[in-house]
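Consider the two complexes below, in which chain A is the common component and chain B and chain C are the respective partners.
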Partner chain A sequence: MPDIGGDPLFVLEFGDILHYYTPYTITLFLLALIFTGLAIASRPERQIDIAFGGDAYYAKETTVSEMRFRRFMAIACGLATLGAMGSGDLFNFTLFVSLVGIANIGIVAAVKNRHVLDAAYEYGIVAMVATLPLFGGAALVVATTGTLAIPALAAGGFAVPLVAKAFLALGVIGEGMAPFYAAKAEMFRAPGAPYVIMCSLSSLLIFLRVVEIVITI
Partner chain B sequence: MIEYLVFAAAFGLLLLGLHRKVIARVQLRPGPPVWQEILHALKFSFKSTWVPKTASATLYVGVVLIGIGIWSAALFVVLAGESILILFAIYMLHKIVEHGFGLSSGSPYGKFGGVRSVISAASEIPLFVTIAAIYFFTDSLLLRDIVAYQAVHGPLLLIAPPAAIAMYIVILSKLPYGPFSIVESKELVSGYKTEHFGVWRAGISVIDGTKTFVLLFAFVAIFIGAMPFWAALVIMTIVLVSLSFVCAVTPMLSPFDSVTVQGIVTLLMVGYAAVLWWVMP
Partner chain C sequence: MLIITRISRVLSNFQNLVALFAGACIIVSLIGILSLPLAFEENQLYPKTRLDPTSGLYPYDRGGVPFGTTEVICQYPENSPYAGYVTTYLTPLSLFLAENTLYIGTTIVAHPGGIIDEILYNTRGADTVVETSILFTAFAIASYLYRREEE
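Up next, the complex of A and B:
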């Protein structure tokens, strides 16, 4: 069992597939849970914007339909992140990570604004392309070691190729690019809280988890 | 338990006050008294408190509590000698808290501060390379194991100085009035903190104090090793004063320059980690 995140606290077995939590992953899991709760409970901000050519400013409103869709996507993103935090199976981890990427596209793309949609489209391309190294990394691991179980790989005795680890990290970085697109100038036009925060949080958490996995296996 | 938290927050605020004082003296100004940050925290605790009409109210309040929660957890991780991976995860999650502060209010100043906190995520990458470098030597990321390793082999500060320098820069990037303090620079009023006032701002002061204490205490434990508590406090103060000198003589970088400098540090650290990976048995 990986111990760089502390001694394992809890192991949940689904046949030969494991979910496990260390102090490290439980910290990440709880943070994802809290922010998912906040995404459910919070109403969106009313972003203040300046009208060009004068001193006027106004507060933007988010329509109910847009709010519902973005909230749904934020919750989906939170659930996928929760899964990725505890997964002890490399393939399940990559699946959860790609789900995070898809949900992040949805959070950004729900805003009916040309500039925001452009940013979402660009991020979507990156996220889709990133699935190649992501699943490729997992495939290389199973091809060379015969297992995808992280505890088994962490126990030693397997020579996981460095390129597989690099592919996994690269795939997660690609999926986790959302905050950088969310930080683009175009995105200032869209009210962000609390949904864009789920993009940032999920991206950061999957990055933190893959660091643990790559060091461990 | 609570006495540890109160001490850490108060000592951290005192260090931040000292930080302002040193910067002022280097710049030939009198500067505020060293206990000014503690006074600020107390003052804000009794000022009127409300939530802006444009804010996402639950998030606006919740993010303050999350900030206090994560740094309290970080303090106990350090005191218990648990995995530094948790500590650095919390450090990175602080970015989300800053982002949450900025985005929740609806204010463009807060939003710019929050977005800058996202683009300054470049400052966190050297941290992970630092962790990797430490792991090459100690074969463990548990703080108690790292301290035990140093008791046998000597301080990591001497064994892996590039890792210590990288973490020093990481702490520098979290200090106010420094070259990388783009998230709360003056052209954004107070950046992500702009719209949080009253008790919420007092909460931010507690977060800042605890964060400063935890990061400096972790630096001492990771790179120097075990020592009496009073000695750790003295060394933390010395490290902070050195950081204050850097802040005093360095102009604040523009956001893109800040990211570029941190990116260069990351590349250097990746090179160092690669060399370690190559030469270590």
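Up next, the complex of A and C:
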């Protein structure tokens, strides 16, 4: 078994569900923690459009309720990412990843703009459909090996089918597709900043984590 | 035209991404179907053998005595010294229904966490926490989007 994460530094036990932190995952965990703190502390960007032909400009205000909701969703997304980074249980990991997906929908969907809502709707479809391969992969693993704990699977002796790993990766790809939509809706610059950064970061982190899981089990 | 240019041109329209993801799902599913049969591991950690149609909790009956100790299989037995408190998550009303009717198993989906606990086992409490968090987040989004029209 290739051990890319290193030895667990710290193990947190919830019954059969372990959260373990190797040097690899604790790096990702700290990154998610820092960015969650930044999302809590930062204020929304104010977009200014210059009206050509004059010296007028439009200042677009983000309403307080929208700002609060998007900040809440960014924090929820950060917490879900924190959970997914440490989770040592395959089913729990899939749950955290789908929580990341739903929080990403919330971040994108809070912007009251037809173009952005269109993108959020399309992403919502992908995120909903992606839960099928995600949970299907976990179900295939539990059916063919009889267990879900990643440390037990990593210890060897189990033949995890390749298609289960492919399903897991595919599910994470679907849930982590949010930056494509956010980028196309031009949210990084204008109405969504800075909370949209959480979409990109959580997608990146769950990708890195699923790579570790797929290689380890 | 370079192939990378073509790919990025297709990907730049986010309406194509759903089709792309669906295509990937179809391909992986076909590989999965071709790799059948996959062997079923008989030695399951969370077995579903004790299905009793006469139980009021069917098909959710995990067995065991409330407030008693029951032998259950765990991945890490040392983490669950009180494993066996199996059906104690029932509310008094649910317990009454379970003891007197045959229908609590079909109405259990009306309980928070009931509809999603097909894999839930008494040593897997963190599952329930995350599942209800997902429901909570989804409700928060739905209520925000619904009430936004009033502003």
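Just so we're on the same page, the second predicted complex is superposed on the first by the 196 of 217 C-alpha atoms of A that agree within 3 Å, B and C clash if a C-alpha of one lies under 4 Å from a C-alpha of the other, contacts with A are read in each partner's own complex, and residues count from 1 in each chain.
Rule of thumb we're sticking to: contacts are C-beta pairs under 8 Å (C-beta built on N, C-alpha and C of every residue); 3 or more make two chains touch, one makes a residue touch a chain.
This is a predicted model, so every value here is computed, not measured.
> Check whether A:Val108 is in contact with chain B, with chain C, with both or with neither, and answer first, second, both or neither.
In the superposition, A:Val108 contacts neither chain B nor chain C.
> Between chain B and chain C, which makes contact with more of the residues in chain A?
Partner with more touched residues of chain A: C.
> Considering only the touch criterion stated at the top, classify A:Val210 as touching first (chain B), second (chain C), both, or neither.
A:Val210 contacts neither chain B nor chain C.
> When the two structures are overlaid on chain A, which partner does A:Phe91 contact: first (chain B), second (chain C), both, or neither?
A:Phe91 sits against chain C, while chain B stays out of touch.
> Between chain B (first) and chain C (second), which does A:Leu153 come into contact with in this model arrangement: first, second, both, or neither?
Neither partner.
> Taking the superposition on A as described, I'd like to know which of chain B and chain C A:Ile173 touches: first, second, both or neither.
Only chain C is touched by A:Ile173; chain B is not.
> Following superposition on chain A, which residues of chain A contact chain B and also contact chain C?
180
> Across the complex, what residues on chain B touch chain A?
Spelled out, the residues of chain B in touch with chain A are 53-59, 62-63, 66, 70, 73, 77, 82-83, 85-86, 89-90, 92-93, 95-96, 99-100, 103-108, 111, 114-115, 118-119, 121, 128, 131-132, 135, 140-142.
> How about chain A: which of its residues touch chain C in the complex?
Residues in contact with chain C: 13-18, 63, 65, 69, 72-73, 76, 80, 83, 89, 91-92, 95-96, 98-99, 102-103, 105-106, 109-110, 112, 119, 122-123, 125-126, 129-130, 132-133, 140, 142-149, 152, 159, 161-163, 166-167, 170, 173-174, 177, 180-181, 184.
> In the complex formed with chain B, which residues of chain A make contact?
Interface residues on the chain A side: 3-6, 22-24, 27-28, 31, 34-35, 38, 41-50, 59, 179-180, 182-183, 187-188, 191-194, 196-197, 200-201, 204, 208, 211-212, 215.
> For chain C, which residues are in contact with chain A within the complex?
11-15, 17-18, 21-22, 24-25, 28, 31-32, 35, 38-46, 74-76, 79-80, 83, 119, 121, 123-127, 130-131, 133-134, 137-138, 140-141, 144-145, 148, 151
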